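Each of the next two complexes has chain A plus one more chain, namely chain B in the first and chain C in the second.
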Partner chain A sequence: MTDTPAPRHIPDRLDKPLNSAIFSWEALLVAVAVAIFAVNSFASPYFLDAWSLSDLTFNFTEKALIALAMALLIISGEIDLSVAAIIALASTMMGMAVQAGAGTPVLVAIGILVGLGCGAFNGLLVTRLGLPSIVVTIGTMSLFRGIAFIVLGDQAYKGYPPSFAFFGQGYVWWVVSFELTLFLVAAVIYWFVLHRTSFGRRVFAIGNNPVAAQFSGVRVDRIKFILFCLTGLMAGIASVLITSRLGSTRPSIAQGYELEVITMVVLGGVSILGGAGSVVGVVLAALIMGLVTFGLGLLNVPGIVMSIFIGLLLIIVIALPIIWRRVRRERFT
Partner chain B sequence: MDTTAQLNPTTEQPLAAAPRLTLSGISKSFPGVRALHDVSLSLYPGQVTALIGENGAGKSTLVKIMTGIYQPDAGTISIDGKAVTLPSAHAAFGHGITAIHQETVLFDDLTVAENIFLGHAPRSRFGTIDWRTMRKNAREVLDTMGAGHIDADARLKDLGIANKHLVAVARAMSIDAQIVIMDEPTAALSLKEIEELFLLIEFLKSEGKAILFISHKFDEIYRIADRYTVFRDGEMVGEGLIRDAGQSQIVRMMVGRAVDHIFPQRKAEIGAPVLTVSGLSHPTEFDDIGFELHRGEILGFYGLVGAGRSEVMQAIAGITRTSSGTITLEGKSIAPKSAADSIDAGIVYVPEERGKQGVVIGLPIFQNISLPSLKRTSKSGMLRLAEEFALARSYTERLDLRASSLSQDVGTLSGGNQQKIVIAKWLATAPKVIILDEPTKGIDIGSKAAVHGFMAELVAQGLSVIMVSSELPEILGMSDRVIVMREGRIASVYDNKGLDAETLVKTAAGIAA
Partner chain C sequence: MKALLKYREVWLLVAIVVLIGLISMRFPGFANPANLRQVFNDTSILMILALGQMVVILTRSIDLSMASNLCITGMVVAMLNAAHPTIPIPLLIVIALLVGLVLGAINGLLVWRLNIPSIVVTLGTLTIYRGATFVISGGAWVNADQMSPDFIGLQRAAFLGIPVLSWIAILVNALFFLLMTRTALGRSIYAIGVNPTASVYAGIDVGRTKFIVFCISGMIGGLCGYLWISRYVIASVEVANGYELNIIAACVIGGISIAGGIGSVGGAVLGALFLGIISNALPVINISPFWQMAISGSAIILAVVLNARGERRQGRIILKKAEAA
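Moving on, here comes the complex of A and B:
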């Protein structure tokens, strides 16, 4: 070596060009949200109203709660397709408890614990048996909802106590619902966990290279198990909210929610291949999904068209980040 | 294989004729590495030429050039005296060059017949594959080889490795390949299977094929080869008839090299034992491993690829489980169940596979370095970036890392600089014992020197180092003692005083000294 002077100082980070903030995925999401908001307010005279906007939030809060945990799970390189089925099973169990005369605190506990248990079951199958999560959770998706169908048939559970209605229908202050408040609090917690703790750092490491993470002393299986439990827990919480909002349980409750949850996560900039993503992006994506479905609802677009729209959105958001990164690479490197 | 088909291997064939394939003046460089420099090689019809050299001598690069996967920077290739170019694997195939690799490159889910005739299947009048003829031809080819026991309709995945080799040879026969390259074909075979393979090679010789045989095992080379060519550091250093050359002569050609790299001088102050391993066994990989590692010592582990060195080290580091044995660190018995356990105990393993097991590409430099030390750099589970940057800075600067910032993605660094990150990340856990598995494999000379200098510094500070290496100069230049492993066992332990490369190579290959 000829050019080897004394140890050189390596800076912590280089000054980021303003470009990279402007062209970040989150910035794009903000722009899209503003655009859809503007379109909605032109399209319908009823849109710009405090109560209207409050109603809008009910379109995404329940799914977005699950999306927070799902984001961490997908970043770690796994996925859970059974979340909507967990909602159905947890709701069915709550319904059975109501028939047996359970009160509100017991109902909430059952909803949450059933969710947690289902998540733990998924986690055990994936980490202990080493099965791919996509296969495991397709299986448990049928299993959990199948149980709900067997228990309920074409019946519905009703008769939830009046105090139970607060979780899905109550307001904390003025137009700010309990659901929205819970979501915002959860979002802050998940942001902190993913971006500010060593647990979150390990999640990113696992998603980028599980083997190197394991060699580096990361307990990969333990962390993945915890993430499946968290996802199940959030599905359990969502089940309490939905059941409370609807006031009844049918076996078809929350049908197809898993796709909307995953769409939110991917639209939020989380790499479907794992290893990258942010909670801020997922929150913005949830807001966009809420704005779109609510806007279409205001315009009296039928449900079937809405599902076509969600399908298109899912394909676009999986393709867009890939195209986006390609463009960025050309611009900045 | 049918033993009645045995040919008489003692027949003295006149060794001469014109070469079938001649490579001359071949050079090939990759960014930062000169893989081949002005090498030549000739293969003769009806003869086996053994290509001999240490790991990294350029053997595989040459095979890839011969099979059209790499293009040489300079040099000519001629077949039967006519110059040819091999711009693709398909072109090499068309010229009758075929290779049988350690891990055979065939298609597991296709049948034997389909594998043999893939790409040149017999066609019916309508342009569709003529399955009947294909099966019939496949059986004929297998029969001529004395491999009639293989069912042409069997799925390849249901065959053992030895039979897969036979299918690969049958494929070569079916295209009437004149040049057959065998790259360590015996590495995964049992003794009996090796015997069968040798009979097959005799058969190919009798058919007039020119064969290139690559192996690390001297008994095999002397058993089957007619000629040899020795490579060292990407250059051809000797060739001739095997019957005129002794084993010691060939070993000397393999290892005797000009000093191109000066290893750091260090004052050996070797202390009490730190790590004691005894009776460590694994069901398949290694057996009854026992040794002591002292404070301030560099203990070298030498052996052929597949001798079980990495597997032993991964067991000590808690990554793989053992069936029996004990590990004692500073008088305390430990039984690590995961890498996390052994890191906590003070043993770290720096893996050989830098990209797969070492760095986390996608994360910036400082996060890679802090990953095994997150417990120390965080407080009650919360990240403290300032601590992480400080840790990363102190180690990267000691290792003379070249990077524009600590927030740069490790994927954008060169191999040598990535290796520095890999060493830094495990070193930052402040271990008592550090195990380095091929610490300078595939990195440039400058980075090698930095890594070696740093190792000397570490032991001077009282750390103990185990260095697994297949590079003889490194083993001889850095180790205080050398353990040679062969076939999952410790073959010998040497004090590195007056130790020479030939002794190590002979012990590793199982040649009586």
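Moving on, here comes the complex of A and C:
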């Protein structure tokens, strides 16, 4: 985003379709996912079990929901670092509503609306005032979580109604959780919007060249505003799920999620400079991160050590194709 | 006078004086020199870190791994000190600088040689460095009673009535001022931020310069690793968790443009002082420290809004947009 884009290498002819399918980012991610899955199955006897695999999905569904919207936002050339803070603020507001005696439908509405409102606030600052989104959302990140701290201090909200627990703990059918179902439905919707509608094409156009997009009649600011709202909305939904799963709200809830969500998006093949990426890649990246953390968890590896693997995975998966392309180019020129 | 008012730094200085004035109305003792010296000392580490981050941001890059670098370097020197209390402190500081340099060089190499965007590289190393801290320490803490008196005492020793920590901050300030205003490297850093393509034609090696700025921010992270641990006398995996964003916040408030090329040493220092004054003032004027996060968040947003206005008036934003496209 703030970096200069690398000069583009334009090949003499396009790759053959089969070639491009094999060497696509998604194929690489599938290979990585299968490999980790296989290693996990060998490493722990507890891994290949329907309920284990079901538990696994809880590791990533909440963050992955946000990653879907974040992917679109990053493709358009913007970023939102405030998503974890939005979760904290939305959760705090839900906690306040519980103290006032609100029922489950009202709680869900509050969580989603607060998320949407925060996203709209980010979007207004970025599009109306023309500010760089990375700085704006560093600011709103402190502001949103700061409000949660002002309201809660070192206290916690508890006492959510029993029916509220369904969203984060309930199962739709056998081992398929509500969270997973929601994520899959959302993934299909986002895939359709990004890859099959004119809105999606506009998002790519903005990311590749905002000025050209503007002159082509794309309402750049309006679409960016919508994307910020969507990201806030997804953070609001994630807040409902997390609050429901944990059954309590602390101001430090979901701390550091923003970087994990962005890691997911980048690992999914979305260019941080904007203009390229796919929903399938993001879904696969979410699955990979879930597999890594869960597999290592079964082996009693502490969470902080897992983060080394995630970090290495991020850098290696991005560095490998660059090195590979360079080697190939040197051979042909 | 009018020429003076054009500088962002002057406005920030005015804001800081007004802020101190407002605080003094609630708590008269705040503005006396002894207390202000204390505030400066408390802010020294953030100030040094902000300078390291500044050179990176000026080249249109970002270093998210500084706080993790600080954490692991701090752990290394603390463990060395606990195991071998006889190692002289100056040598430990050199070790901290070297460890930081190596970690920064890793970031720099990935950005330079592989052309991976810095935000991605440092997002990765952010988690790797902090995770590595856990691996080398086994999750254990190094406590005050395991550190030698010199290790803890050095930065607290007074020289001409001012603690050594403050002197280090002043020294680093001076070095960065010379670097940015009196050396070819400093000019190259600005040039790259303003227009990387033109810099290439001017004969500046953009990749190598970016490598150097990451080495600088790494060394600063390493130095602050020692300073942080000896100040708060505990080394753990949680040290400075999430602090990378505070550092960037100080830069942003100080008027350093995230789009590169605009910013100054004075701005970074004042930005850090602004945050330092707020965090020092809240307890004495009886505002719950839980307000601090929201206040600094609002300050960041306000600073960005004001800075964007200042930049737009210069008419260069059009060029920048066309170039970004």
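What to note about this one:
One rule holds for everything that comes next: the second predicted complex is superposed on the first by the 290 of 333 C-alpha atoms of A that agree within 3 Å, B and C clash if a C-alpha of one lies under 4 Å from a C-alpha of the other, contacts with A are read in each partner's own complex, and residues count from 1 in each chain.
Just so it is clear, a residue touches a chain if its C-beta (ideal position, glycine included) is under 8 Å from a C-beta of that chain, and two chains touch if they have at least 3 such contacts.
Keep in mind it's a predicted model, so treat the numbers as computed, not measured.
Using the contact criterion defined above for the overlaid structures, shared-chain residue A:198 touches chain B, although it does not reach chain C. Applying the stated contact rule after C-alpha superposition, one finds that A:219 touches chain B and leaves chain C untouched. Of the two partner chains placed by superposition, A:31 touches none, neither chain B nor chain C. Of the two partner chains placed by the overlay, only chain C lies in contact with A:310; chain B stays clear of it. Contacts of A:136 after superposition on the shared chain: chain C is touched, whereas chain B is not.
Of the two partner chains placed by superposition, only chain C is touched by A:266; chain B is not.
In the overlay built on the shared chain, the residue A:275 is in contact with chain B alone; chain C does not reach it.
Of the two partner chains placed by the overlay, only chain C lies in contact with A:322; chain B stays clear of it.
Of the two partner chains placed by superposition, chain B and chain C are both touched by A:211. For chain A, the partner touching the most residues, choosing from chain B and chain C, is C. Counting contacts as defined above, chain A residues 1, 4, 209, 211-212 meet chain B in one complex and chain C in the other. Within the complex formed with chain B, the chain A residues making contact are 1, 4, 7-14, 196-202, 204-205, 207-209, 211-219, 275-276. Chain contact summary for the complex, chain B toward chain A: residues 319, 338-340, 343-344, 349, 351, 356-363, 366-367, 370-372, 374-375, 377-378, 381-383, 389, 393, 396-398, 400-407, 425-426, 429, 445-446, 449.
Residues of chain A touching chain C in their complex: 1-4, 6, 81, 125, 129-132, 134-136, 138-147, 149-150, 152-154, 209-212, 251, 255-256, 259, 262-263, 266, 272-273, 302, 304-308, 310-312, 314-315, 318-319, 322-323. By the touch rule above, chain C contacts chain A in their complex via residues 57, 60-62, 64, 110-111, 114-121, 123-128, 130-132, 134-135, 139, 196-197, 206, 237, 242, 245, 248-249, 252, 258-260, 288, 290-301, 304-305, 308, 312, 321-322, 324-325.
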